[in-house]
Amino acid sequence: MIDIVVLFFLFGLVAGLARSELKLPAALYDSLSVFLLLAIGLKGGQGLATAELGPLLPQLGAVILLGILQTLIAFGLLRSIVKLGRADAASTAAHYGSVSVATFAVGVNWLMTRSIEFEPQMAIFLAVMEIPAIMVGIVLARGIGRDTDWGLLAHEAFLGKGVTLLLGGMIIGWIAGPEGLAPIKGLFFDLFKGALALFLLEMGLIVSHQAGELRKRGFVIIAFGLLMPLLSALLGLACGLALDLSIGGLTLLATLAASASYIAVPAAMRLAVPEANPALSLSFVLGVTFPFNILAGIPFYHWLALQLTGNPS
Amino acid sequence: MSLSTEKRTLLCVITEAVLEQTLLRDLDRLGVRGYTVSDARGRGSRGIRDAAWDEAANIRIEVICARALAESTLEHIQARYYANYAMVAFLQEVEIIRPQKF
Amino acid sequence: MIDIVVLFFLFGLVAGLARSELKLPAALYDSLSVFLLLAIGLKGGQGLATAELGPLLPQLGAVILLGILQTLIAFGLLRSIVKLGRADAASTAAHYGSVSVATFAVGVNWLMTRSIEFEPQMAIFLAVMEIPAIMVGIVLARGIGRDTDWGLLAHEAFLGKGVTLLLGGMIIGWIAGPEGLAPIKGLFFDLFKGALALFLLEMGLIVSHQAGELRKRGFVIIAFGLLMPLLSALLGLACGLALDLSIGGLTLLATLAASASYIAVPAAMRLAVPEANPALSLSFVLGVTFPFNILAGIPFYHWLALQLTGNPS
Amino acid sequence: MSLSTEKRTLLCVITEAVLEQTLLRDLDRLGVRGYTVSDARGRGSRGIRDAAWDEAANIRIEVICARALAESTLEHIQARYYANYAMVAFLQEVEIIRPQKF
Amino acid sequence: MSLSTEKRTLLCVITEAVLEQTLLRDLDRLGVRGYTVSDARGRGSRGIRDAAWDEAANIRIEVICARALAESTLEHIQARYYANYAMVAFLQEVEIIRPQKF
Amino acid sequence: MIDIVVLFFLFGLVAGLARSELKLPAALYDSLSVFLLLAIGLKGGQGLATAELGPLLPQLGAVILLGILQTLIAFGLLRSIVKLGRADAASTAAHYGSVSVATFAVGVNWLMTRSIEFEPQMAIFLAVMEIPAIMVGIVLARGIGRDTDWGLLAHEAFLGKGVTLLLGGMIIGWIAGPEGLAPIKGLFFDLFKGALALFLLEMGLIVSHQAGELRKRGFVIIAFGLLMPLLSALLGLACGLALDLSIGGLTLLATLAASASYIAVPAAMRLAVPEANPALSLSFVLGVTFPFNILAGIPFYHWLALQLTGNPS
């Protein structure tokens, strides 16, 4: 059956398309995103407290390469087949090379609901994969060294809200461990799914606003928005197999790869590649890829992971 | 008997919230000594910006300063941002009573 | 003993009357109302998942008629006895013909605290009864067909925030059923009473602002504000008996009937009958009827329900 | 050398938040090409509106356009809303630099 | 044919949020019949006020009234608050159409 | 080990010092502070429901004197040794004579985590100690009777947000008792520590903004900011011994005494002693004393309490 949090997304989507007056306070949406980022970080850090950290460094190198590779492929396809201009192609590619926290959270929820384990370092992968695609996207748009303020960008990237909360949460979780986190479990773990449901309700409303843009450009957006995550998921699975991840880990890495950023990257690209049209990138990411991933992608990536590991359940 | 006031220029810029830090740094560099920012939403040639989330939010920046500085700031903003950002800017005359402050 | 959530209402009321500087952030109040509407909808929908839906349609017809009847009676009384002008009488009558979600929530809480069961469709009644009174009120103010934009109004009515959240929650709860809702129970069900308490705290503050208006017009407002809900409760009980509801259902339908809207209807009337004075209607509804219902009305309607069914406990 | 600016009119309407959608639809219909909205509270002849809840919240709508359109819009608003709503409106001269935009 | 408007003065005060109630009481006492308040943040001679918490938040108060009242109000504010509070105030001409209201 | 909620404070502090873009919505911070005040009040009131109220009145007298004494001592030190002007010394002294709800909450959390009991009336002490220092500070700045609007100030003091919520919560908790509070326990008690963690995250960010001011005046601020709470804690312990409090109660009263207000007092002083520089007082209170108390002070005061009662565990 369809997960409850996804029902909330569909509800928001339908309400938005029907032009309902439903609106969540902006402060609630903001608060929920702070909450989700912290909770994901805490959960990951708590896991790390008991995990071996030896293999972590090469793994991080691998997922960074994965993100860069996705960005380059997306850029190639967007230039050659979708025929976007350089700036738009570079900006949109950066969205796809990066990751979406909401998609990741739905993936985590999907696995938890089915009691499928996954590696605690997935949360670090999430934090680490957010950034490199931004750098690559800027280089693709501008070439190296031309009037980009890299200092500023590095600041944006490493000290942006999302990465700060993920890393901060992870470090706290890692220091405190399961026992230390117990007193705040009631808030950060027990309410995680409810908060995710509310967050996805607003996401549905936001996605519904993409309908106009979608209708304008139609087919090509839908085609790329569906194929790119599938391609990325395969790359993610390949990378995950090389890293010897569990089924849950494979599913989540495929999900991460398939996901496209709609918070950190749009903000960074808006400043670094202003001539790119943000509405265009978001119509790919929010109009097609995000709904596809949470509605159909995640179960499919799990199924693929089972096939690839010879575990067809 | 009427209050003795002096004329200054109010520059008001309405633009994308994502630009806030960048623009405020620019203002600093251009020699502006103060500004006021408030949140807004709106519609213009770049579509509806309803502040439902950060991407779609506007801000409204007000700067009171000498005419010359207001003009050079506006010129800088025009050259640097008008082409690529949802943005509207205008100038107004205002009267103030602490001339040394602006 | 007085319910804990009602104590929060009294606290807000006293703090407001004492001119305390207590103020809740507007975004918190908004978020709480989203939460309560969703939670009520989910709970209702979950119940429907296991209920027979056969008798639902005639029941909906009955409660719609109930709302219309209340509106007409209120209009008659307000014109003839209270001597209000046509617009004010029509607008105020629409408030009384419609329902109050907060009052309903206090009623639900009252029953739950005492482990009294009620029919799951009560949440649908709540959603359905919000709207007809608005239409009737407009016709009473204007006659039919004169420059009212009915399309717009239907939109307001069916796609307003309250109805959207109630219906959306109900559909999600109905699809997911108790099992599907389990993961978000921690947020939407376990925190319901706490959230209601906070919400009523702000309601107390809002009600305290009605004191000025009340003092101005005094007696007639208090009289109508007390008698109308009693009359409506009797109509609600009669309707509930005809529909063969349980004691809990009777109590809640009486509560719904007795309750008067202070969110959806004022907003709709402000646009459709602008010459009506909103402060006047709210002084009836918030200054008298709402506090009366949650402080004394609900237990009294329950007692009446017991008498009428020959179950004097 | 001073910046070459053109004059336009800024129409500012402060009114009940409940009117937001209705007024913005009106602006559309009257030919306005852009507007900015922000949240406010206040006091006037219809009492205190402290934004504690939606019923008691105000908004502030700003429209920059040609004088004629500002006047006709204001006239429409006056005819339609002044009698029954908490509302204040005023006009101001502003200077802008992209005349084709307004 | 152009709309018949009258001139009034708009007094705008940007200051610390903590002053809100005090200032509004002052306005009442000085005979002001209406005002509009909105939230803001900013920078000035007293540093950055980023509205991260109440202590560091600004408000923006607008009053439309006759020139004389605007001036006397501004004088009162200057005498009483300029020395010790983060505050900026200015006057502008505006045109309104219901002269008896202001 | 360091408490989890304190880790959140450190996280906010580091993120702020690193100039991260992390920011919590202002409405969330506001909502959390409403929540914490109510929760503390409810918990205290619930305890009072089963406690003897006989000795309460003299105890309140004692803690009021304690607050006044602290204010006078702080004023003396700030004038004579720190060499502040009259207004700044009076205003800063009032901060130290009053109390900090966040520090108190961390102290409560510290004791709860270690299952150390304390007297329920501590919450009343908190409410009561907020106010007298404000009055004393104003008199110190102005002398008696010169153009201070005492009526207004009394209003501010007794009907300010903090005191209203604390007292309101306490009265509700006292009326309802443990049983009556059970339905809202899920919100107000189970989520207390999580909410405190989030609140302290924002406190860390706010404290990080004090760095500039600190660097400017450096040594003298740090010295007074460390010594004053130690001195106050000793006075608090002496007072607590006289009142025959338990170890937990002693620790909390020392914490209360050592804590300095950064919400109620700055707001009151801004209006009553406008010529005092608020940035200066806050650099003492937030830049030094608050972090010191929650990082090192509370455990130390507990250790002192053990020594003084001859219970060195």
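A few remarks follow.
Per-chain residue numbering starts at 1, and chain names A, B, C, D, E and F are given in the order in which the chains are listed.
As a convention for this text, a contact is a pair of C-beta atoms (placed from the backbone, for glycine too) under 8 Å apart; a residue touches a chain by one contact, two chains touch by 3 or more.
Everything numeric here is computed off the predicted structure, so don't read it as measured data.
In terms of the stated touch criterion, the partners common to subunit A and subunit F are C, listed by label.
In terms of C-beta pairs in contact, C-F outnumbers the other of E-F and C-F. Work out the mean CA point of subunit A and of subunit C, and you get 41 Å between them. Centroid to centroid, with C-alpha atoms defining each point, subunit A and subunit E lie 46 Å apart.
Mean C-alpha positions place subunit C and subunit D at a centre distance of 35 Å. Counting partners per residue, subunit B has 38-39, 92-93 as the residues that reach two or more other chains.
Of all residues in subunit C, those touching 2 or more other chains are 23, 25-27, 30, 191, listed in ascending order.
Under the stated contact rule, the graph of chain-to-chain touches falls outside the line, ring, star and complete shapes.
All chain pairs that touch, listed by label, are A-B, A-C, A-F, B-D, B-E, C-D, C-F, D-E, E-F. By the touch rule above, subunit F contacts subunit A in their complex via residues 1-2, 4-5, 7-8, 11, 14-15, 18-28, 109, 113, 190-191, 193-195, 197-198. Every residue of subunit E that touches subunit B in the complex is listed here, in rising order: 12, 14, 38-45, 58, 60, 67, 71, 74-75, 78, 82, 88-93.
Residues of subunit B touching subunit E in their complex: 2-3, 5, 8, 10, 24, 33-39, 64, 92-98, 101. Residue ranges of subunit C in contact with subunit D, taken from their complex: 23, 26, 29-30, 202, 205-206, 209, 263, 266-267, 270-271, 274-275, 278-279, 282. The part of subunit F that touches subunit C in the complex is made up of residues 25-27, 30-31, 34, 38, 155-156, 159-161, 164-165, 168, 171-172, 175-176, 180-181, 183-188, 191.
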